[in-house]
Each structure stands twice: as structure tokens, then as C-alpha cells.
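Have a look at these structures, which come just after this line.
Okay, so subunit A shows up in both of these, paired with subunit B first and subunit C after.
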Partner chain A sequence: MTAPAGPVLSPSVPALRAEFGAAVTRHAVSCSDTIVYVERDRSHDVLAWLRDTPGQQFDYLTDVTAVEYRDPERPLEVVWQLRSLPRKADLRVKTELAKAGPLEVRSVWDLWRGADWLEREVYDMFGIGFAGHPDLRRILMWETYAEGYPLRKDFPLRGHFSRAEQTRQALAANPEAHYSMEELSIADAFDELPADMRERLARGERGFLK
Partner chain B sequence: MGLTNPATEYTRVDGSTVSSVSPNWVTTRLDFLTNWARSNSLWPMPFGTACCAIEYMATAASRFDIARFGMERQSFSPRQADVLICAGRLPFKLAPVIRRIWDQMPQPKWSISMGACASSGGIFDNYSMVQGIDTIIPVDVYVPGCPPRPEGLIYGIRLLQKKIMGESLADETLRDEKLVAPSGLFLPPERVDELSEPFGNSVQQTRST
Partner chain C sequence: MSLRTVELALATPGVDAEGRATRVPLTAPERTPGYDEDFGAEHMLVNIGPQHPATHGVLRLVIELEGETVKRCIPHVGYLHSGFEKLGEYRHYNQIIPLTDRTDYLSPMANNVCLALAAEKLMGIQVPERCRVLRVIACEMSRIISHLVWLGTTGIDLGAFTPFLWSFQERERIYNLQEMWTGARLTTSLTRVGGMMADVPEAFEAGLRDFTRTFPKTLTEVDTMFTRNAIWIGRTQGVGVLTAAEATNYSLSGPMLRASGVDYDVRKDRPYLDYETYEFDVPVGEHGDIYDRYRVRLEEMWQSNRILSQALDRLERLQGAPVNVSDPRVILPPKSRAMSDMEAMIYHFKQVMEGVKPPAGEAYLGIENPKGELGYYFVSDGTAKPVRWRIRPPSFINLASLPKMCEGALLSDVIAINASVDIVMGEVDR
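Showing the complex of A and B:
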């Protein structure tokens, strides 16, 4: 089987344009992957439609990530990489967040449970909020990490604080205070968690997981 | 004769002095016996975080076999360990963990910093990585390499054994380790900054600020 000549547009794009009209701002084909840009406020509708519509069936969320470009004028992008297991098809959906505006999109945790930790990682590294996420807190850096969001372009490679201050803060941390109640039994460290996290854990706010 | 030697003054790291019986025939023979026993029954506490841990495993396995040097038992409990071997890079998130393991190890204890990352941060001169574990715990032997071959680690272990053979029970400053209270640092902050300074090629890299 020979590779198809030229860029091949995913048939999902005309279907999306017919369904959502101007909410699909533009699309592109790069390395035979189709990229669709959608408006921020409609991103959840578009993704839900892509998951549930017969003929689309994007039932697997490969990845959620974000991109910040070197050009300070360019907005941040949130990227959802979708996969349809029955159709063996891929689609990349992006939405742009102006740096001046609120860095927040709707969470897709209610569509794909796998978005839980992926969205937490994007929040941890870029500071992008996900409205509707059940437990949005840092996942790679520790709970009390105070230097900001490491993958943003305005974040210095060595961090904001001096090495001595970083070392002091790291040594002051309680190693057990990084995990939620479901992940480890941390009754001893409960009092050292931030107040809002204590409240969330005490309420058992993880939906059906509790 | 040797038993009547006068007391000797030793100087501590912080400048204060401590007087102690000077070495004589009995203490030096006792030192030799103790050091011989200690250096030939070092139980390692492996703290493997990265590729150095693979080389450490190769060192422990049959071809290189550190059991030949008295390290028969891998002590995965710090309570029964003598030497902490940090094999691999140490992120700040793990700094309190290795500090706690070090505190749990009973004296006498030693540590080996295995590889470039554990010794200096290596190529990871960034926001998340400790720039040398000697800012967290005292280190006896640094093994260079990325990662060091088993021969390199064995050479480091032999150096540590040599160091132990030179220890003396009469030296009360030997295991002085004071925390710069109450921050948890065991070195003054300016010393940590100095140890963490970029060096080599790292100085030339472009930074966002």
C-alpha cells in the first residue's frame, strides 16, 4: 500500500463545519494529521459531539496538552488529541487562549475519565484552569510549590528562587503530603495540606470514586 | 608508655575545640580492628533514581559482584544500612525523602554520590533538580561518570573502605553533622548557592530571563 499523495483532510472537518459553523475557526493538515481550531467557549460541545456522533466515534482521548510559542503575541493553545478506536482515525482539536484573558477551558473529564491527570498536568505546568475538573491541583510539582508554572515562557529555567531557598522549601516539605487520600493513606499528613484541598478531601469530592 | 600520652586538642568544623586522649597503642589497635570490620561489611542502602541505578544493579550482580567487598546484603531498610548510595539524579521533590532516609540510618554511616547528576546536578541545571546531593546530606565519595561503569563504582567503594581504615575513635569531630536550625538545611544558605552555581557549558546556555 502506497502512502496517499498530498495532504489528506479528515472527513470530520466538513462535518464539524456543517454542525458548528463559525465556532470552527480554521483547520490545517500537518504531516497528514488534521488539526481543527475551535472557539474556546464551544470546545466542550465540539468534543462531546465528536465523541457521541455516529460516524465520528472518537472514543479515546490520547492526550491533553498545551503549547506556548516563543512569540509573545501568539496565544496559548490547548490541544486535545483524539483517537477513534473502531474507525482507526485520529483528530487533533485545538483552542486558543489569549494571554490577557482568563486561562480557562471546560474540562473534558465528564467525557473521558482519562482526562483527569492529563488536565492536572497542564494546570501544573501552564497554569491553565479546567472548569468542571473534580480535583484540579498540581500533579508533578508538590502542592505547596510557589514558583509558578514551569513550562511558561516567562518562567526562568532555574526557577524564580535561589538554590538555597529552593532547597530550604524542598526540605521543609512533608513527603507524604503530595498524595490524595485515594492514592495513599496520609492521615498523618492531613493537617499539613492546603486548606482548600483539606476541604475537598474531607467532602470526598471525587464523584463516584469515593 | 603509650598509655600515658597527654590529651590532644581537636578543632571542630565550627572552630570550637574538643580535647581527647591522643592515639596510643591500645586505641590504634582498636581502631584498626573496628575499621577493618566496618570497612569489610558495608551494607549499602541503594537509592536508585535513574540510569545510574542500572549500573548499580550491574555492579551488584554476578559479573562484578560487590559481595566480594563485604556488600553481600543489599539493605533496603535504612535502619540496617551503613552506606547510602545515591545512584541517579535527585529532584527537589525527593530531597526530603533522601534526607529522611539519611536521618534514619544509624551511625556510623557513609554516603556515596554516584554519577554526575547526584554529584552536581549534571545536565539538569533546571528548576526541579537538586544541584548535588551534598547540599542535602554529607557525601564521602563522589563517583564521576554518566553513568559510571561498575568498575568506577567499585573504585569508589574501595576509596570509601580506604577512608574508613583511616578513621580514629579518638577523633570526636569525625561525625559532626549539625543542622542549620530550624530550616532543615545542613549547610548555610550561601554555601548551598555557591555549590549550586552553574559551571562548564551550563554557564553559556541562553536563559529566558
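Showing the complex of A and C:
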């Protein structure tokens, strides 16, 4: 068992502190990865700056995800793994979201198209909203999934509903409910829908969580 | 993404009083002058999948067509969602390894290696050299079988049946070796935190040597069959093009990224497992189309074969060297000792009941999987089960560029483009 190389702080951290001052709340080095915590309202500015500033050039968004800790007091974290392909450097940017406050950050879809599905997945699994995302809807779970957000710690491993209820809902699902609103509008199919489905759509009975 | 799609996508979601969808304005096709009204007036919605052999798994594509041209492609994923990330939070680090088999099930050994490396990074462990060589062998064998599946199925999608048989025949030989080593063909669970499940058996090295000697023959045959084949070129060149800037912006990785001309390979640029000491080249495409993706993957198989024979040389040199770390807090003691030595038995018990305990902290580690960069991100609070286990799924992220690539393509090209992404739905949906 050899000790890992001593903690090496990414040179982007002092540069970020000089540029954004108090908006960079703290930083840490864990397993030789540098982590920078930024304020929620400035996260988009920080990420845009990191992408566009010569000398930083974090042109590649490796991953977007979120973390919830077992300690219920701790805030949720949104994590952006950034990489600079030309400089071969990595940086992890995080922002903390208090559970009492609005679970929302600015989307980085306008900076990296790769964020499209990644942000949808975070929304799907954690219920964190991304303001400015053009198409924020569930991706892995189905659109009418009503049990909540699976990767939250208050979500039981087997789901909120009983197995019987889950089966009942699956059997009761309408085949046409597998088309999203968007697709129905493309097909111009509204007039061809059965009356009961039109009625349900009129009541807003799909696509949104209850 | 074109301006048109952005505008449509930004429209407010919801329904009007009647229940009509207001999320997207109903399409009014742009009329080309002289275009026949009968054909041009209507857009058609085509649903492909989820049960369709050409979608390579349970992928569903909803495609808006104008004539035969794709106006928009909306992928639906999640049919195979198993909640692996959630399950990982309820398991010890070593118990997560069987879950990784089932994500990208075309390269299970490489996933196992990534998990072990990520957990070891979290714990600050360096494994012995023989273990690193064995892991390189596991990764490169996985790359070859995964690319062979890609080659065979893509050939079938585009109407070429014979290369499918050739590639699956070769793949079978690797699977036999895999079975010899791990006892399983699919769910290998090969690695452990701090070492391997097993060293290679006796006949393995000779078998793999034989493979590396004869495999180039098949590659040459495939090359002869495809590379200058007029039909293949016609179906693949200039189809599904992504520029280097787009590929980077869409966070693509692996052969998809390199085919677009971005020279980034995790093995070269953030070396792990001593990859910097192996001699191999990273093929980089130029046009970012399906043909270049094919060339990149084909060349990668040649290079993997090169790495395999180098790794076999090293393995010979390291005959009898230790595979696992000697720390009993990390790795199980040998079974013979656990049955005779009190201390070893205690360690065995603690290891099985309590699991490996990394310190509080977090680590992200990405490796170059056949599909692209596979990354595991662990957050630990010092207990034996991770607080968060995040998979950075290369197939999922690569697949997100599908709507972009399909825009303006023909319907039959959608099948080719989708095949060129090289997805595994087990990993897309996790």
C-alpha cells in the first residue's frame, strides 16, 4: 500500500478566487482531484468563465451529477466534472443547494450540448431543476412516474408504492400514454385521438408529476 | 442544433384549455418551390422500437419525417433502467462489481477494472505490477470483443451478413478465454478492490498468444470486405457527420470523439495501469462520419492486439509475482490460511461481513472503455458503502448526439447512424 502523491491544488482555484472573490465559497483536494464550491447564483458565470478564458479552456463537460449525503442536514450538491482537452486538466465544480430552498440551478445547456441529457437525468433522479434547459423532462423514468426521485435518500430502495400498486398502475397505463405531448403535436394527431384521451389531456393528466 | 429546433424546444410546455399540446407548435413544413403539394404537405411520425432489432436494444426512436427526410428524431430511453446507482449505495465496494458486469455487458471485464481502479483511487492503493498487466489484458480483450460485436451488427444493419459470422467467430475465442479465466462468459466479476478475483489459469497465456497471432487474419479479411466496398462507402461516408467542435461540445468520447478528429484517448492523456509504457497508436478520424468511426474501431482492434502481445510478454516476465496487495484490510486472505491461521480467519470474517472501508472523500476515475470514457465517481463518508456511486456512461452521452446527427438524414440512414454510435442499452439505462 503506497501513499498517493500529496494533494496538488489545481492552478484554476487561485484564478477563480481572483475573478469571482466570495462567490467561490471553498475548495478542497480529495484523492488528487480538486473540488471548487461556488455559490448557486454564480455557478453558470463560473462555468462559462472556465470554458472561455484562455489558460483555463475547460472545453469538455465530462459529467453532470448530484450528490445527496446520508446526513439529512447536509445540502444537496450539483457536480460538474470539467476537462480541458488541450491542457489535459480536470476540475470538479460543485454548488450546494439547501434542501429547504429552491432546488434549482442555471442550466449549462447553452455552454455544452452534452449537458442536455445529463441534466435531464439529474432532474429525473434528484428533482433538481435546471433553469434555461429547453426540454427538462424525465429521461430514464417514464413521464408520468409519480413515486418521486429515486436517488434521493428518502426514497426507499423498492420505491414508495407497494408492489401491488406498481403492478396495478402498469396494467392500467394507456398505450397512447407512451407518446409525449411533443410527439402528438408533431403527428397532428390530436383530432384523431379517442375522446377519453382528449379529455384526460384537457385535464392536464399527463407529462407532469402529481 | 438548428435554430428551428431551439425555438420549438423553448416553447412553453403544457396544454391549452382544450387539451391541445402547446409545448411545440404544430409543424408547418417549409414548402420547397415546385414541391408536390400531396407529398410535401404532411409530416409523418414514425415510431421505431423499443422492440426492433436495428435499435440494438430497447431504444425507441420517434422520428418526424418529411417525405423520407428526417426532420427531427426524439430518442426515448429508460426501458432497461435497473437503478444500479441506487443499488450501489446499499452494497459494499466489492459487492458493486457484479453490478458493473450488467451495465455495459459487452465489455464486462473493463467495467470491473474501472470499478476496482476507482475504489483504489479513493483508498490510495497501488496494486502490484502483475495485477496491472492482467487488468490491461482484461481491458484490451474487452475492447476487441466489444468492437467485434459493433462490427458484426453494424454490418448486418447495412446488409452485410458475412462479416458478422467472422467477427462472432473471433469473439467466441475471446469468450472462451474469458470463461477459462473467470468462469463466466458474461458476468465476469473479475476484479476485487486491491487485486483480482483470480490469476490467469495455466493454459490461458498460450490460448491468448494463439489468438493474437491469428486474429490479424480476420481483421485483414474484414478490411478487404469493407474498407473499399462501394456499398459500404456509399452507406457510410458523409452520413451522420459531427465536426470536432460539435463532438467536444456534445461531450462525446471514445471512437465517436476520435472519428471527428479530436485526438483524445484516456489511455494516452490520463494514463492508468501503466498504459504510457505500452507501444500503441491512437487512430484519429478526419470527417466525423460513420466511415471514419468504422476505420477508427477497426484500427483500435489492431492496436489492442498489439497491446495484448506486449502484455503477454510482461506476464511471462512476472511469472509467480504477487497479484493482490498484501494488506489484509483490503483483500481476502488466501483460503488455505483462513482455515488454519486465526488472524487470517478474523480478517476473512471482517472482510466478508464489514467490507472494505475507504476514508471519507471522493474520487472520479475514468478509463477508456470500448464505447468511450467510462467514469466511476465515488463519494464516501468513511463507511463500507458509498454515499454515491455515479456511473459516467459513455453510451448514454454518445447517444444524446443522435438527434443532432439524424437531422436532415434519410430514414434508412438513421439505422446506420444509430449503429455507428455503438450503444449498449444496459449502460444507457443503467
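Definition applied: the second predicted complex is superposed on the first by the 166 of 210 C-alpha atoms of A that agree within 3 Å, B and C clash if a C-alpha of one lies under 4 Å from a C-alpha of the other, contacts with A are read in each partner's own complex, and residues count from 1 in each chain.
Everything below uses one rule, namely that a residue touches a chain if its C-beta (ideal position, glycine included) is under 8 Å from a C-beta of that chain, and two chains touch if they have at least 3 such contacts.
All values reported here derive from a predicted model rather than from experimental measurement.
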First, second, both or neither for A:L157, with subunit B first and subunit C second: both
Contacts of A:Q166 with subunit B and subunit C, given as first, second, both or neither: first
Partner chain in contact with A:D135 - subunit B first, subunit C second, else both or neither: second
More subunit A residues in contact [subunit B versus subunit C]: C
Which of subunit B and subunit C A:S30 touches, first, second, both or neither: second
Touching partner for A:E147 - first (subunit B), second (subunit C), both, neither: first
Which superposed partner A:P11 touches (first subunit B, second subunit C, both, neither): neither
Doubly contacted residues of subunit A, that is, touched by subunit B and again by subunit C: 141-142, 150, 155, 157
List of subunit A residues in touch with subunit C within their complex: 1-4, 30-31, 33, 35, 59-63, 65, 67-71, 79, 81, 85, 88, 90, 92, 112-118, 121, 125, 134-135, 137-142, 150-151, 155, 157, 179-190, 198-204, 207
Subunit A contact footprint on subunit C (complex, rising order): 1, 6, 9-10, 13-15, 17-21, 23-27, 42-45, 62, 64, 72, 74, 77-78, 81, 83, 85-87, 90, 121-122, 124-126, 246, 248-252, 262, 264, 269-270, 325, 327, 330, 361-364, 366, 373, 375, 377, 379, 381, 387-388, 390, 392, 396-397, 399-401, 404, 429-430
Residues of subunit B touching subunit A in the complex: 92-93, 95-97, 99-100, 125-128, 130-131, 135-136, 183-185, 189-190, 192-193, 195-196, 205, 207-209
Subunit A residues touching subunit B - in the complex, by the definition given at the top: 141-142, 147, 150, 153-159, 162-175, 178
